[in-house]
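There are two complexes below, and they share chain A, which is joined by chain B in the first and by chain C in the second.
The block that comes next holds the complex of A and B.
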């Protein structure tokens, strides 16, 4: 067996196994690392097919940038909050299985019949080698025949920049997150400000009134309004209810010194 | 410039060697660490804070979504850089025409860059 065939099978096997690892791994970070391995191996198959530029793009864009995005999502989102696969709705599972089966049929049909529709273009390996390589060949076409598309890409990327900022930037220009602006103070966050809890609070947290909770008039007032929060006495310009959020009962603090 | 048709082995042998040596170096260091370093894990060592109050809840730092914006901007400008590579290798052939093309391409994205800058998306805190 010639060497390059052997190397191809090695690369393809690692690629398929790591792709399976992405799906099978329980830990999302492990999935992301498997995905890196898969992308690098895909880049290696591109190299074996003589598409060096594509291989480099694969590494720079997918392994370098997209995977960074994936890891950032994992960093921002608590992995424990991610729904398990089995918790997915049945509709999603069936549609996923159906789409997977269709894709398998397509790929299988292409392999079995060994035919891809369409004519062969002029970018044969010999022609590419004649101009010096992939990158040169791509540049010649891209910056002459497909100039309009190239400039449109610039516009699309510009829209991407604006969209990313408009959708994802947490605060508007010039504003800093402050206690007065947020509705609650949380002990569960290092800086004392729980930006993640503007309105609703996750289960398991109890509100501890910040002041005068034992005062009968205040308590009855709170009951009357059906509200267990206390409005802070200080001037809150936006009328924001400010209260102390703790993640367990207040009793937990009382026993803390005794237990350890 | 003479065009050489290099086979896969000649051209990518160096890259392969680099990958293999980098991987084996990492594995070697990790294995040496595993063998030689004393390892006596305990619950106290694994705790986020060595002393002070017991943790009320699992301590997990919260990250600002700003980091994600920076990551997304990185992807976009990464793709911009990708488009510059094929332009750079045939810069001589394209001449002034190609230069103007690329100036308009980068100029449009520069508008996006200014926008990101002015919106404060590049600030860290």
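The block that comes next holds the complex of A and C.
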């Protein structure tokens, strides 16, 4: 038996066993670790098929981004919310095993008995080596034949980011996680503005008028601070602050200057 | 046996897909179901790359790149939904999440 077949069987065995570990592990963290092992082995099979770029993408995106995200969510979800493993559904388990066995038989029969081998493409190993390697060849394909799909994927990622942020926000915008922000530097807070103060000025000195300044309206952008000692940017003379702020970062403090 | 061919990778892909499917069917934890869906996505990727390798074509790898990108977006949205569920319903058990049915 040639070496590459032996190596493939080794990789496939680890892959299938770790995938089974994902399903049967009691602890969700163990499932995630098994999934990392499985994904790395799938990347190894990609290397065996000459898809080096995709193997690296697999490792970076799946094990580096998605699985880390899964672990983050596992830590954020209350452990009391997780269902018990022992309360698994026996009927569903047997039905799942039966369906899996049937589907494996069907797919195996389809793989074994297939006769159409298709038309050979032009991406032979010699041609791929002529353009510099797998990454260069794949880049040529992605930026010529699949250019529109490539741009649409960027749109999909953008919408995904927006959707994730909207879904993960608290239900009411008022209840910000103020506990997590209590120790952070708040640039619009009178005592926390030492980053925005000019050099040499003590941080305790109040530059920004606090709540005793009579102002019925709160600043429109003051939701960013989340604590009750916010700046009330009313009709008080805040010219000093405005000038000082605008020399720093005009975009982040645009809400302070719009109530003149 | 013998030469390493497309069939080897297709069998591995089928095995991974079916293991992922059984995980989706049998587990109750929403996070584990999510991980099994990712596993099934990867099995499909594997078969796409295997067909492209067998036919000397790069289209399979291009498809796999798109699938990876869409899976990343899906992971972000799906995990945000799981977090919102955990915050609102106090559970990630799929048997307990039946407010759409009742």
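Here is the rule we go by: the second predicted complex is superposed on the first by the 137 of 260 C-alpha atoms of A that agree within 3 Å, B and C clash if a C-alpha of one lies under 4 Å from a C-alpha of the other, contacts with A are read in each partner's own complex, and residues count from 1 in each chain.
FYI, contacts are C-beta pairs under 8 Å (C-beta built on N, C-alpha and C of every residue); 3 or more make two chains touch, one makes a residue touch a chain.
Just so it is clear, the structure is predicted and the values come from calculations on it, not from any experiment.
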Report task. Have a look at where A:143 lands relative to chain B and chain C in the superposition and call it first, second, both or neither. Result -> first
Query raised in the report: Once the shared chain is lined up, is A:53 touching chain B (first), chain C (second), both, or neither of them?
Result: both
Requested in this report: Considering only touches as defined above, state whether A:132 meets chain B (first), chain C (second), both or neither.
Outcome: first
Requested in this report: Pick one for A:122: touches chain B only (first), chain C only (second), both, or neither.
Outcome: second
Query raised in the report: For A:93, is the partner it touches chain B (first), chain C (second), both, or none of the two (neither)?
Result: second
Query raised in the report: Which partner, chain B or chain C, is in contact with more residues of chain A?
Result: C
Query raised in the report: Counting only touches as set out at the top, which of chain B and chain C does A:32 meet: first, second, both, neither?
Result: second
Query raised in the report: Across the two complexes, what residues of chain A are contacted by chain B and by chain C?
Result: 4, 48, 53, 57, 61, 65-66, 69, 72-73, 76, 78, 138, 142, 150, 153, 157, 160-161, 164-165, 168, 170
Report task. Give every residue of chain A touching chain C within the complex, in rising order. Result -> 1-2, 4-5, 8, 12, 15-16, 19-20, 22-23, 28, 31-32, 35, 38-39, 42, 45-46, 48-51, 53-54, 57-58, 61-62, 65-66, 69-70, 72-74, 76-78, 80-83, 87-89, 92-93, 95-97, 99-100, 103-104, 107-108, 111-112, 117-124, 128, 134, 137-138, 141-142, 145-146, 149-150, 153, 156-157, 159-161, 163-165, 167-168, 170-171
Query - Parts of chain B lying in touch with chain A, wherever the complex brings them together - result: 1, 3, 5, 8-9, 12, 53-54, 56-57, 60-69, 71-76, 78-83, 85-87, 89-90, 93-94, 98, 101, 104-106, 108-109, 111-113, 115-116, 118-121
Report summary line: The answer for chain A against chain B in the complex is residues 3-4, 47-48, 53, 56-57, 60-61, 64-66, 68-69, 72-73, 75-76, 78, 129-130, 132-133, 135-136, 138-140, 142-143, 147, 150-151, 153-155, 157-158, 160-162, 164-165, 168-170, 173-174, 187-190, 195-196, 246-248, 252, 256, 259-260
Query raised in the report: Which chain C residues qualify as touching chain A in the complex?
Result: 1-4, 7-12, 14-23, 25-29, 31-32, 34-36, 38-39, 42, 45-46, 49-59, 61-62, 64-66, 68-77, 79-84, 86-88, 90-93, 95-96
